[in-house]
Amino acid sequence: MSITYLEAIREAQAKLLRDDERVFIYGQDVGGTFGGAFKATKGLAKEFPGRVLNTPISEDAMIGTAIGAAMHGMRPIVEMQFADFSSTALNQILNNAGTHYWRTDVPVPITVRLPSGGTKGSGPFHSQSMESLYAHYPGLIVMTPATVEDAYSMLIEAVAIDDPVVYCEHKYLYYHLKAENLPTESLPTGKARIAREGRDLTIVTYSAMLHEALAVAEQLATEGFEIEVVDLRSVKPLDTNTVLASVARTGRLLCVGESFPWGGATAEIIARVTAEGFHLLDAAPQRLNAKDTPIPYHPNLWSAHRPNAKEIARKARALLRE
Amino acid sequence: MSITYLEAIREAQAKLLRDDERVFIYGQDVGGTFGGAFKATKGLAKEFPGRVLNTPISEDAMIGTAIGAAMHGMRPIVEMQFADFSSTALNQILNNAGTHYWRTDVPVPITVRLPSGGTKGSGPFHSQSMESLYAHYPGLIVMTPATVEDAYSMLIEAVAIDDPVVYCEHKYLYYHLKAENLPTESLPTGKARIAREGRDLTIVTYSAMLHEALAVAEQLATEGFEIEVVDLRSVKPLDTNTVLASVARTGRLLCVGESFPWGGATAEIIARVTAEGFHLLDAAPQRLNAKDTPIPYHPNLWSAHRPNAKEIARKARALLRE
Amino acid sequence: MLETATRSKKSAAPKPAPHERFLEAFRWMLLARTLEEKLVSLYRGGLITGGVYVGRGQEAVSVACGLFLQKGDIFAPLIRDQAGRSAFGEPLLDVTRTYLGSRQGPMRGRDGNIHRGRPRNNQLAMISHLGAMVSVTVGALMAKRFHGEKNFVGLSCIGEGGMQTGSFHEGMNIAAIEQVPLVVVATNNHYAYSTPNDREFACHDLVDRAIGYGFEGYTVDGTDLTDCLDMIGSAVKRARAGRPPQLVVASVLRLSGHGEHDDASYVTDEIKRQPFARDCLKLAEQTIVDVNLLDAATLREWRKDAAAQVDQAISTAQKEAAPEADEEDWCAISTRDLVDPLE
Amino acid sequence: MLETATRSKKSAAPKPAPHERFLEAFRWMLLARTLEEKLVSLYRGGLITGGVYVGRGQEAVSVACGLFLQKGDIFAPLIRDQAGRSAFGEPLLDVTRTYLGSRQGPMRGRDGNIHRGRPRNNQLAMISHLGAMVSVTVGALMAKRFHGEKNFVGLSCIGEGGMQTGSFHEGMNIAAIEQVPLVVVATNNHYAYSTPNDREFACHDLVDRAIGYGFEGYTVDGTDLTDCLDMIGSAVKRARAGRPPQLVVASVLRLSGHGEHDDASYVTDEIKRQPFARDCLKLAEQTIVDVNLLDAATLREWRKDAAAQVDQAISTAQKEAAPEADEEDWCAISTRDLVDPLE
């Protein structure tokens, strides 16, 4: 058997619908015979009648409805067609879901699936990585699974969590990433994973960039460097301890993320590590993000806009030389 | 003569309307005899008939309309009633205004005024500081004036700039802050200002927190410490050079911002300073932000939620001891 | 006497005669007016931090929104719905504790004034962003349907200003698609803050929006309690009976500032002379006197009772401690082991 | 022959006779269909990166949107508006360069496919987020009014799916408030991607939304070119003459997948048998033959001409260089000295 990242997301939802009658799926084109723009819900409407519902193009109302249902005992999963379109639901996510528990003591267990990140030819409005926007505001958990196993187990966990979860699934990984089996156990959310051990440099990353980082680690190994790669898994909560422990071993830190450069996950990691682990650092911590422009359509531009293995390797080598 | 921060904003708009026929003001309750929820446009509708227009409660359309007008030669100023409500215009701001020049080569000179930040009793939806959301995305300039002079001159500059500007004016400063005169010259946007010189510690901040930082500097001076305070003035562009030069003098960095802690301006500053000025630092750079919960209504809670002089002083002293 | 505010909903009781319902509604209106006048004077005296927002002139519409809902129904009140909130069962103490910042209120000092609710008791806690609560109400109703509940309705309030938000549009449309038993009561009080209708919308009559959503639409004279009870009562009944979602548009004038900080000097004299500018409470009282539904002594008694209830709720809340920062746990999520270790 | 695509708008010319207009419209439809069929085959051959979105079956509505606009009018086309874009004056090269990623196209490889425009020539460049371009069109019209221009209109396209966005609602409402000369043409092609009408809206007829905004509303048979020209032409005329904003709702079937990656297997046979499922281009051609507006030779000539134009536009774009990352200046703002010194 072999299962893709996308299939794992579908399987997780099938399992959730099977095991928990509070679960329903709400989103554009998720139902009918269609099963979603990326087929993440393929077949589920038929298997679970009345529980996989197409919505109008109304992101604000999709989330509002999910909030109301969650408040009253349901566990809705909302699929945004692309993460980028969640901008029109952002008010409901940040200001309604994100504040509700704190204001009223009643948690809002919604899971918002955001098909995130760049793929070639997708352009400025079908490529965004929005984890930093959502993590900036209080009240949300923001997951960024990078592996098939995490895609599966974290989605199941997301629905079990009593608080709102923004689940950022990376479109580039949908078909590119395969595993032999679905996991039977997993790290809990909030724990980062050492994806590769090393002692010369720590690369902290998450989502699709994990695989670029691992490729760089592989490559630099041939040059005699041992790179430790930390997969954050969730950017909020962010597992500072695991990162600090790694930096304690390596003394060098490079943070890699696919979202825009100003603020965001890579800046947050560096701020935490320097505040608490300044003395652990042998060199200036560095970061690599996408460029500060909209995400280009043309593959030539797109592959230079996102951090790629070549750039990461260049940064890593420079850091190793310091 | 004495002029408040709020009056400076009104005067700047009066001048803009007077000097530039491309300017119009668009927003809820800005017109009529009313002149805005905070009176920032008081009297302007009468003085400039047909150019200060009330809008429906439609933040998305307010920005969309401004974009269309700006594209066709106008210089609209959009007043959000509170920054917090710009969440429902965020898509137009980020995805339409923010991408337009890059996509089409046609810039969109809109100015979006966001009455920002906390005041007591205002609660979760009338207190937010959203500069980090807007700065994270490409294509926008984000101003955060902290003084009466900057409130005036930067608003005038905002309208002159060919690109979209998010102008974060702080409600707490509206009446609290007074100056003798309106400025006749000013630093350009993109240049930070040394608000107070010192040599023991650099506090980098902006907007209302500048005044907390200055109070702390004053206080610590009595304890024998000389704190340098840098007012960023705009968080995007962010004047890394001035910050680095200050840290070169002091060796110690504390960043203070009123927005939520995860990501955002303080993390961004630290990431830049450590990347480029790691060797300048004698101690771990630190930051202070609001707490990671919605902004509380009750003054007892609110004053503990935002960074305040006491907390800043505590952090500063700890840093000075390192 | 004090049981007025706390007596439970009478869903099981026999249907009251029209004049009984009228009197019951009037009594809630009186209570709301009394309470809000008191809140205003506390505000003027500097005893309330933040804003005070009242429903003066809108009590007839509002009370009808709360009065026909039963236990298990969902209510999403907005800014000017004190009468409806009370009629739905909100204790006066919830109001005074929230306005006065008692740590014992439902919002525990975290949120204030009108931004309160008890979602567990089906009274949703509005966020400020107008229009956002319609779809939330829809979701709550869908949950009830998923759970197999029957015979429930939801009622969501909106102002004519809020009707212009995209969020409202999406909420209305999705309600009709999901065919949930929803009543939306839109109160056109002729202003959104200082903005008059002509800068809010350009249609002839807001009720004409109903057909475009697949709602059934009705208008009501918001100054006339009988009309409000009839029209909103029957809308609730129709929704409960499985008819399409209902839109009721009421016409009134806001007889106060937007909030108590606002002198409403922009309200034109011409508008103040319109029929919709009359005070629904005065009109209702006039009816009571005209038709002799109550004698003067009872009316006086009711007033005194309302005042006593309000005084007690205020003095209780005033005696209670304020929240303290160092007793807050500062956690925005309920899953404590997932709290981000931010400093 | 090649001048078809580039000849300038004939606003100053005498009004063409109805059959001339019909033929002109038909010729643009033919060009659009020919172009899009070619783009589809390039896509199938792996020569286009990203998606291809066509307007097959919607050319009659679309062409009418572009045809009545004059120089100085504003046009905000959407996904399925190739015919209208061409009729408005978009050169074929803009299309092929954008789809094929030439650095010389209007989007210079930064954006692709349908996300193109030339705002300087009054053809707005849509963002993906549906509904967002209505208010942008309103703003452009306000600018023209501010500048003292006269006699202009704007036309903004939308699908029935996009009509359910909050952004669309706000845009419609603000258009009516500002009383700008706007025509909104809404094409109900019975699906939003895979979602059929019954999960998109619940009103009987989308044109019923017009009254709720203060628009004048009309319906049109989108398969019938004559009807499209009549109804959209007169809506443009009314808007230009100062009537309230106009909503025209057309009924058609999308005769393709949502994009070319989509086999549209969800479209039911029943719907394919509906009158609105007919192919407007075939019907128009049938009319031409029936009424003998053109002889067969000319028709053949037009087809050949369309194919030649398309081939030329494609081969030109294919020969052009792609954008290169190291020649990009990577600046999202025009004010170069305010670019943030982010690494």
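We call the chains A, B, C and D, going by the order they appear; numbering starts again at 1 in every chain.
Following the convention adopted for this analysis, a residue touches a chain if its C-beta (ideal position, glycine included) is under 8 Å from a C-beta of that chain, and two chains touch if they have at least 3 such contacts.
If you're wondering where the values come from, they're calculated on a predicted model, not measured in any experiment.
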Hop count on the shortest chain-contact route linking subunit A and subunit C comes to 1
Taking each chain's centre as the mean of its CA atoms, the one lying farthest from the centre of subunit A is chain C
Distance between the CA centroids of subunit B and subunit C (whole Å) is 36
Dist(centroid_CA(subunit B), centroid_CA(subunit D)) in Å evaluates to 40
In whole angstrom, the CA-centroid distance of subunit A from subunit B equals 30
Per the C-alpha means, the centres of subunit C and subunit D lie apart by a whole-Å value of 45
Residue numbers in subunit C touching two or more further chains are 107, 110-111, 115, 127-129, 131, 164-167, 170, 173, 177, 199-201, 331-332, 340, 343
Subunit A touches at least 2 other chains through residues 55-56, 58-61, 84, 87-88, 91, 95, 98-99, 102-103, 124-125, 138-139, 236, 238, 262, 275, 291-294
Contact graph of the chains (line, ring, star, complete, other): complete
Touching subunit A in the complex, subunit B uses residues 60, 84, 87-88, 90-91, 94-95, 98-99, 102-103, 124-125, 132-133, 135-139, 236, 238, 259-260, 262-268, 270-271, 274-279, 281, 283-287, 291-294
The subunit C residues in contact with subunit D across the complex are 131, 164-170, 173, 176-177, 179, 198-204, 206, 208-214, 244
Residue positions on subunit B within touch of subunit C in the complex are 28-29, 31-34, 37, 53-61, 81, 84-85, 87-88, 120-126, 261-262, 291-294, 296-301, 303-305
The subunit D residues in contact with subunit B across the complex are 106-108, 110-111, 115, 117-120, 124-125, 127-129, 132-144, 146-147, 166-167, 170-171, 173-174, 177-178, 331-335, 337-341, 343
Within their complex, subunit A touches subunit C through residues 22, 24, 55-56, 58-74, 76, 88, 91-92, 95-96, 98-107, 138-141, 161-163, 189-190, 236-238, 240-241, 275
